[in-house]
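After this come two complexes, each holding chain A, first together with chain B and then together with chain C.
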Partner chain A sequence: MSALLEVRNLTTRIQTRRGVLTIVDDVSFSLEEGECFGLVGESGSGKSMICRSILRLPPTSPALMSGRIAFEGQDLLALPDREMTRLCGRRIAMVVQDAIAALNPVLPVGRQIAEAMLEHGVAANRRDARARVLALMRKVGIPAPERRIDDYPHEFSGGMCQRVVIAAALACAPRLLLADEPTTALDVTIQDQILKLLGELQQEMRLAVLLVTHDMGVVAQSCRRVAVMYAGRIVELAETAALFDQPLHPYSAGLLSCVPSVDGAAEEATRLRPIPGGPPDIADPPEGCRFHPRCPLAIGACQSGAFPLFEVRPGRFTACIRHEELARAGNIWAEPMPAARAPEAAEAAE
Partner chain B sequence: MSAAATLIEVEQLSKVYAPAGAFLKRLTGGARQRLTAVDDVSLSIRAGEILSLVGESGSGKTTLGRALLRLVEPSAGRILFRGEDLRSFAPSRMRAARRHLQMIFQDPYSALNPRMTVRQTLAEAMRVHAIHPAEEIDDRVVELLETVGLNAGQADRFPRDFSGGQRQRIGIARALSVRPAFIVADEPVSAVDVSIQAQILNLLLDLRERFDLTMLFIAHDLSVVRYVSTRVGVMYLGRIVELAPRQAIFAAPRHPYTQGLLRAAPRPDPGRRSTTVAITGEPPSALDPPSGCHFRTRCPMATALCAEARPALAEIAPDHLVACHHHAAAMAAWTGAAAPHH
Partner chain C sequence: MRRSTRGWHMSEVRAAAAAALPGQRVPEMLGPRFLPGGAFVRRLGRRGTLIAGGGMLAAILLASVFAAQITPYDPIAQNLRNTLQPPGLAHPFGTDNFGRDVFSRVLHAARTDIQIGFFCVLFPWLLGSLLGAVAGYLGGLVDTVVMRTVDTFMAFPFLIMAIGVIAVLGPGVTSMYVALTLSGWSMYARIVRAEVLVARRSDYVLAARAMGYSDARIVLRHILPNVVTPTIIFAVTSMVLVILATVTLSFLGLGLPPPTPTWGTMIAEGRNFIFTAWWMVTLPGLAIVVTGLALSLLGDGVADLLRGESSR
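Take a look at the complex of A and B:
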């Protein structure tokens, strides 16, 4: 399969009051046609900035980016602004976390969904656009679109606003949808609806989706492949099923096992073992592997040098030089605690 | 009922808001709109337990937690703390009682005064309640910091010097500073990163054991609720629809809403993808809730009866309360459908 999007050695810096910070550090991955690819990580890991880099949205700018972002064979970083504007919203669209803020409060939703179609000449005229908007609203599950097309964003719930934003993103039938935490602000039953809607649309329109999230459950539900980010770098990249089955980076393993689960009787007696400490300050990251200060498997060699991704098996990449030890050790983050509900023995000793 | 003594008894508690503009509307002859955030809720909180309230935004869980401490004034009902109704307390008596009733807030950024050092923040409540002689307060601040996993050297720093997880620890230390009997923890981990979440949850579990605390834990994340709770109450549009021990809620949920919530929760298991939506539709407006059972407009089992009568929260198995006319059928459906996770 040919790659629709190919990101090679992308480094994104941004200008802040604290100087120029490297937010995305030498990141490479690719997306195939129609694929849902997950970027997972915590706040500050650089995952959202990758989306913004692809569209060259502020605070990123081509001048502070290096590497290559090839979309349908064109290098987006080298594209003149006018060409880039023609791609944005037509071939590549974006959905963000805060749908209510993403919409213009003083324009009816129908006008906002139609905007990109008229701008890019996809709709012949306003009447044509209106018919297309109604069809899109129906497609994304907005009830009674004829009655709602002239309503304003404040007349919609958060979940319905996200559907409006998705409809606007799909207006020009893009090939790539950048979805930056599209369900994080939503309630769990609405999140479930939106994820399933995205799944259907992706199938139906052969749409490639870059899904940015902090939630491994969302990745498991939606993504074929996933890249785990930590402090600006990809630390593991694999097919979702393979990564969940056997993570090959201690951080991915930690993300999977430090989160409680809604089911599984065996875990009743297990105490979560958290990843100690916190993510590093991006202005002053640790030398070597950036995860080493928090890693139970870290050795001297982890404290210096470069930690690029390497291919362990076809399609399985990790940046961890200790991945064999990790695989052998089983779950380094699990701590059997038969007395999970009664740790007073240890505490009483104090 | 289990043998544990009841610490707090909530009887028919309600909180009704008249939305902004209601007064003007009434003057101009319009219909008066009311929002019932907490609708006739009764429950008891047992000494030493962590009772969780789970529900989506607008379900009333936060309002209930705050009303319980009289941080918002309830519209009706009683809150018995050690047998006495908090609502009958005069302001001075209520202020004294607050020593026993503390709160941990969701947003560790806005919950701390940015101009106060950690030491000042922690000492304030101890001073107000005159719990320790002034000369002991410094020692106690150090002790509190160590209890929540911070160190004495950080006492004279300001909130801005701390990460979100550390600020949440400071908020917890502040709640503990007056040695309370009861803590309402309102979404204490929803604003912290996933790798930090487990640290805070374990800390709360340890503190509960160590200081013999009773907690009301408010959350929207079912996995977190499953990890910390003794019992769980599920809320929908201001009402408790199911209340049971944790094990029963997660293994044998009997309200169709609880079942839907469990199905909707994304699971970190790529082998169990589903394409069917767990609960269709959106919660109705709290200004105009459906008659009878509030959940009926989204419920796959709803019948005419559900529109006519509000189902009472009834004990249908030992310690398992459900407010559903069709709980027997719902339970059969859950067991029959080989629940997605068993």
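Take a look at the complex of A and C:
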């Protein structure tokens, strides 16, 4: 199996009024063909920015991106604009969080799905495109597509809109789908349906999916491997089952302890433990490990130096130097944190 | 049915009727729709300006199109033995100092004036919307150049600028189009740019860019259709001002050369005879008033309609 997408040392900065902010900081990971890879983290941890960096669509131009993003062996960051626009939509497609906002309100949904096919030359003409759109709408589970194809986005529910958006993204049978929080705006039952749909499509079309989410439950359901992001960096990367079994970074452990478990045993063990404090201000991140102000295992060595990912076992990466202590300590988030640690982080969050 | 501020609730009317006529069936024609505050009346009230304005304009357009069928007189044929006749049966609007039928001239002038007015709204709308969209979408240097140009154009009073341009190009329809386009486009550019600045950050534009669509396609197919509504509102409401501007230019002799009738030139020609032949000035003037009223009613109606839709 060769890597379909290989991101190496990606750093994305954006220009703001407060200066240049590093949103994505030296991130590396890879996706194999047909794999579903999860990217988890809190809001503002840079996970959406990774998606947009892959498509070279950061919010400000010129792009301040460095590193290497290899897709099918081509470096996307070095590709001329024309080549890039040929790839976008055709080989790489994106699904965004708010499906209703992602559809153009003045165009019927069928036209929007067909547009990609016509623009990228997948469909020969309008009639051909219409037939393909109907087939695709059926495939993503929109009932009675013949009747709905000429409807406008506001005539669809949120879940149906997301199906339309997925259909539009799949219009040209891409190899890689960037799903940026595809289920966040939906309620849980619809969320489940959409995830199942993505799973089926992934199997059927041998589609690689980069699933960006802040929901560990979504990751557990869909992803084979997962990377946990904190303040612009990947802090842990592992197979999903292994990570859920034994997280090797205190932050991942914290995220897991925030997931409500239905089949949980003792009431005390299943109480949700929020991680105290808030994520750091990316304009002024803490020295050393960026998580140390909130980490119960932090020691002096955590407060300075660089914390790159290193391989603990084959396929198992963490950035935490105290992962062995973490493994020994069991649930470090079980005891309430002393309040004294929190203020610094809380200040930084404001 | 909720109680309307404009009238009685139907049930109140029927209750009053039933009380006044005991033992009698209150007729259904006192149905809610036809009473003050009823649905029909309310809808008419809401669309009333639209219907009135549209109807008036339609009548004016029909009269101008079928001018040749309505009056037997040629609008430019002189009859020097029949000059300055007051309005009467033969000539409902009288004749002018060359013996031409004023009614015929007013009708024929309507065609020219409305046509010029229409294009003098259309051209600036097209130019301004396009430039505004490009400036808003591309941003940076393009935006700066376009918007500073807008500021420069806006610094000139509307008519002064139009007169200046026509003075350079020489009078005529083409110069009139150029002049009014140059003096009118800047407002559209400003409106569209502001809307595009919002729209280009929207998810559907991001999705379109992620699909690898070209900038031209994104602007023309995805952004512009979503942002034109305010410019259409501005266009319909400013149509009456544009028509008045074209009339003013004609009056100043900067429009079509004589003998082609336009309302502006007719008034200009008639003003020497204002004390002896009032109809030469007054009746074309009345045509302008009626057209202006029709357009302003229509503009308000259309604007209300679109505002209602866009606020939904």
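Keep in mind that, in the parts below, the second predicted complex is superposed on the first by the 321 of 350 C-alpha atoms of A that agree within 3 Å, B and C clash if a C-alpha of one lies under 4 Å from a C-alpha of the other, contacts with A are read in each partner's own complex, and residues count from 1 in each chain.
FYI, a contact is a pair of C-beta atoms (placed from the backbone, for glycine too) under 8 Å apart; a residue touches a chain by one contact, two chains touch by 3 or more.
This is a predicted model, so every value here is computed, not measured.
Within the superposed three-chain model, A:88 lies in touch with chain C and out of touch with chain B [touch as defined at top]. Contacts of A:106 after superposition: chain C is touched, whereas chain B is not reached.
In the superposition on chain A, A:8 makes contact with neither chain B nor chain C.
Of the two partners, chain B and chain C, it is B that touches more residues of chain A.
Contacts of A:138 after superposition on the shared chain: neither chain B nor chain C is touched. With both structures placed on the common chain, the touch criterion links A:68 to neither chain B nor chain C. Of the two partner chains placed by superposition, only chain C is touched by A:120; chain B is not. No residue of chain A lies in contact with both chain B in one complex and chain C in the other.
Partner chain A is touched in their complex by these residues of chain B: 56-57, 163, 165-166, 193-199, 201-202, 205-206, 209-210, 220-224, 226-227, 247, 250-251, 260-280, 282-283, 341-342. Across the complex, chain A meets chain B through its residues 42-43, 157, 159-160, 187-193, 195-196, 199-200, 214-221, 240-241, 244, 254-256, 258-265, 268, 271-276, 278-279, 342-344, 347. Listed in rising order, the residues of chain C touching chain A in the complex are 201-204, 206-214, 217, 221-222, 225-226. Residues 55, 57, 59, 84-90, 93-94, 96-98, 101-107, 115-116, 119-120, 165, 168, 178 of chain A are the ones touching chain C in the complex.
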